[in-house]
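Look for chain A in each of the two complexes below; its partner is chain B in the first and chain C in the second.
Coming up: the complex of A and B.
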């Protein structure tokens, strides 16, 4: 900011500033609102309409069972909270919620730890190694989830998978023909690998940028005062990164909570019960078997569950905004 | 790791403490991590250049002779992939253009000449990203069915626009906020109107930011699969959707499927590779100023 101020043309910034102050209330009246209106309208239509629809559906009773998709649903009778009662008293739902919570927690923690590790590493290696690693991370970040899921599926496949072959080379380990997807826990571990693999690049790159903002002098000073690398990281780097970490954590929670493609395609479109997270469960109930009122209810509950995280997220975000 | 830390004190006497042995170890770790991350992609690309016989061996035949058979099979096989790739391109490019057309004025009205309570507006934009897309799938499917927009590429254009718009406004705001106000003031004293300022000052100065924003929007739209798969059928299928059905039907022909996956990823891989520094800037979520 200071740099741009000194670089500004010197033709009397005094009068210019004064004229701006004078003009401001008059001219900025309507124009900015007109400029922002289209974007707000688009989002209102595309977000609020479905939101209204899903809440409406969750409060309606489904009439014609399997064939319900063929009528618009507008005339369905009001059912109050009956759908919510059905879903909340279903033990399958709670099993799915527990699985989703564990899956989300493991994925978020793993991707953040690896992300921070790589970010710190990026600041300690030579320029050449850094540029190469960043190039690799961007390469990975750009790969579509369809493709990454498919590649991991091959790598872990029981017949020709390279992972089984490599593990089998370790003495005492027999992994020949091991089926990773027979046990949902192992299968979800493979899916975690895909999700973390895809999530780390963004985290590492933005955290690396965040660490780059810390003045070198502070790090040097800490080192001169005899701080170990760990102490420097804990006492200097982490506090500075805290706001960014909060943003990234919350975003990761939302993303990993809603993971869909990786599970769906790892199980070739038919996730077994042991693989179902909330997103999958909602989809297969709502769209897959056309119980769209129950599906909508699951969706509403899912969003309510995220509201708490949202509030936390936004509060932190605006605290950062104030700090700037 | 422990070795790297332990050797530290002994190298203390070096002239350049920064280039200590520890950094060499870190360098090695960085290379190993890079290799681990890139191996799945390289595996796919390498397999796509192998013959089907070499692709389906255990252990994987890394050094097998290279061939273009997989690609030839993919393009001249039963299904023509071009319409699907064209659909992807239409949806990604159109939505990116619309996003920029909506986001730049909105970002202007949140930074250079802010509306009152612009933080609330930014909050509104962001809050729309908080809804898990999977939850929107069902109502959007029903609405699309009602207004006869299923299997229509323009439905995807609208959806991708609204998915990327909040990110684009946030990114563009941070870029526009960096434009020195004095330049705009000088221009408006000289009588330059808003359009002229946009064309001659704001857009040229924030060009790197616009490039970063549009690349990220393009990559997100190109890779989107959830909505594309549920909301398209035959005529509006996108590349990634086509790939999933191709995998289902041709999954046994690994080389051919790897060729297909490589082709589908190619545009985003090129985009990501060609504009690295811009993407780093964009992905830093405004942490870098």
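Coming up: the complex of A and C.
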């Protein structure tokens, strides 16, 4: 490496760039900038601008009537942190945050446990059983969340739903006509079923692939040394899978925190207060009842809440070397 | 390389075991096939549980409404009919929404793949000042909860009179298709050995020829996989469409499903609802199942590689 290679960026250093001797593959002046230019422009318009706008909205006072805000967004009076104070001192908001945390935790833990279980199982069974289960999981993975929610909505319907009928067959259980959605806790349990059902295939299939990459010899060696299957799993499989598990857990947290469609469709577009997670609460406030500024404030808080986990995820990616 | 040596090392061990320990081996094997049978049964039970909702959706869509409304659920369509499909397909709004979804998805994915490909080339093949910042930004953007940005996006599009228009929603969809495309294509390009480009350039190819003759053919499958998954993401999107598209004639299929479910006239028409759901998910389910191995290679390659 010559000094110019590691020195100042090539952009703008005219004579150095033109000199043939220094043109190497991988370091070529203006070309990479031309290549990323369109992408940068698009991202500026569709992401950076809205990000700026949402912060701006969160610092402004809501004008009466949405149209005032629609057409003169910039001239709305500056309100400092008043919106944040309003939101953060509202007990409803904290109830929503608690519900979201519990909902996310339960969904992540359940889908990971079932996902790992199925991944291990897939490595135990005969080929035909493996192919059958994987085929089913692929179809489950492919179904849009909106559609799967409607199917579960129909399965758990209180009048003619198949689930009530099947549960009623169990001796001693009386579920006929049971309304799963009268109590938000039960309703959220049904929504958890939809979320976990949809999340398991990705987890199980990628973990299955991860386990498949562990050399058979290591497992054999552990078995020869007298390790029980549980010890083999705990001491050999899990440590090898750790980087993949960290990434999948982080992604699951981000996804389950942001669950929207499943709740929205299960409540046919009108989630009652007991069903509101942060995302739903923000949307209902900001879009549903046109309180743009308060909604934007909740949105900013929501993003701040995710920043920690995002940084963790990106550091993990950089550590693995995937982002290099 | 290390795998081969490991393998060689284990061979003598097994060879030594074989003659002395025949019966124990056979006993263990018998025990194991017993266990395998139990695990197989568990796998089939899981397949049944996971598959049941899809099975239920399909058979409901083929049932007559009399069979759907029986107090004892029918676990097979005894009088199969296409009535529900005919009802849904006969609805001009459904056909219009399907066409809207198709156009929006196609244009958003095409724009993202073309522009994203250039961006991915830059970060996978060049070192330049600001590259790390760009990579970092793309990663962050991919994880921003889009939900939060619906409010500012809706206000911004409204200011340019693009709310409730297909152009507006296509712009909004670039929020998630673009970062996804850049990131995934980067992985596919990075997996092509750099030596190939260098060899081609040493042999006198220009940079453009290298790109055209070496990278493009090799990245072809990755381009297809990325487009397919981008297609699925955009097709399944609901929140932005629900916020930005207000007219019946401009909605997407996902909104059609919700409107169908919540309208008093259709509310209990589970046959029609399931038929609409089947028709709406068919284009993505088929594509996904066909391309899954490549798609998940792109999604988790970095993670598995570690």
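In this text, the second predicted complex is superposed on the first by the 285 of 324 C-alpha atoms of A that agree within 3 Å, B and C clash if a C-alpha of one lies under 4 Å from a C-alpha of the other, contacts with A are read in each partner's own complex, and residues count from 1 in each chain.
By definition in this document, a residue touches a chain if its C-beta (ideal position, glycine included) is under 8 Å from a C-beta of that chain, and two chains touch if they have at least 3 such contacts.
Computed from a prediction, not measured in an experiment: that's the story for all the values here.
Colleague: Label the relationship between chain B and chain C on chain A in the superposed model as either fit or clash.
Modeller: clash
Colleague: If we overlay the two complexes on their shared chain A, which of chain B and chain C does A:124 touch? Say first, second, both or neither.
Modeller: A:124 sits against chain B and chain C alike.
Colleague: Just to be sure I read the superposition right, which of the two partners does A:151 touch: chain B = first, chain C = second, or both, or neither?
Modeller: It touches chain B and chain C both.
Colleague: After the superposition on A, what does A:160 contact: first (chain B), second (chain C), both or neither?
Modeller: both
Colleague: Who does A:47 touch here: chain B (first), chain C (second), both, or neither?
Modeller: In the superposed model, A:47 contacts both chain B and chain C.
Colleague: Name the contact category of A:286: first (chain B only), second (chain C only), both, or neither.
Modeller: both
Colleague: Touching chain B and also chain C: which chain A residues?
Modeller: Common interface on chain A, chain B vs chain C: 9, 11, 28, 31-33, 35-36, 38-40, 42-43, 46-47, 49-51, 53-54, 57, 69, 73, 118, 121-122, 124-126, 129-130, 132-133, 136-148, 150-152, 154-155, 160-162, 165, 197, 200-202, 205-206, 209-210, 213, 244, 247-248, 254, 257-258, 260-261, 265, 268-269, 279, 282-283, 286-287, 292, 295-296, 299-300, 302-303, 306, 310, 313-314, 317, 321.
Colleague: In the complex, go through chain A and note every residue touching chain B.
Modeller: 4-5, 7-9, 11, 13, 16-17, 19-20, 28, 31-33, 35-36, 38-40, 42-43, 46-47, 49-51, 53-54, 57, 69, 72-73, 118, 121-122, 124-126, 129-130, 132-148, 150-152, 154-155, 159-162, 164-165, 197, 200-202, 205-206, 209-210, 212-213, 229, 244, 247-248, 254, 257-258, 260-261, 265, 268-269, 279, 282-283, 286-287, 292, 295-296, 299-300, 302-303, 306, 310, 313-314, 317-318, 321
Colleague: Enumerate the contact residues on chain A facing chain C in the complex.
Modeller: 9-11, 25-28, 31-33, 35-36, 38-40, 42-43, 45-47, 49-51, 53-54, 57, 69-71, 73, 118, 121-122, 124-126, 129-130, 132-133, 136-148, 150-155, 157, 160-162, 165, 197, 200-202, 205-206, 209-210, 213, 215, 217-218, 220-221, 224, 243-244, 247-248, 254, 257-258, 260-261, 264-265, 268-270, 279, 282-283, 286-287, 292, 295-296, 299-300, 302-303, 306, 310, 313-314, 317, 320-323
Colleague: Quick check: in the complex, which residue numbers of chain B touch chain A?
Modeller: Checking each residue of chain B against chain A gives 5, 22-23, 26-27, 29-31, 33-34, 37-38, 40-41, 43-44, 56-60, 102-103, 105-106, 108-110, 113-115, 119, 121, 123-143, 145-146, 158-159, 161-162, 165-166, 169, 178, 180-183, 185-186, 189, 194, 219, 222-223, 225-226, 230, 240, 243-244, 247-248, 254, 257, 261, 264-265, 268-269, 271-273, 276, 279-280, 283-285, 287-289.
Colleague: Which positions of chain C touch chain A when the two form their complex?
Modeller: 3, 6-7, 9-10, 13, 35-36, 39-40, 42-44, 46-47, 50-51, 53-54, 56-57, 60, 68-73, 75, 111, 115-116, 118-119, 121-123, 125-131, 134-141, 143-145, 147-156, 158-159, 171-172, 174-175, 178-179, 182, 187, 194, 197-198, 201, 207, 232, 235-236, 238-239, 243, 254, 257-258, 261-262, 270, 273-274, 277, 280-281, 284-285, 288-289, 292, 296, 299-306
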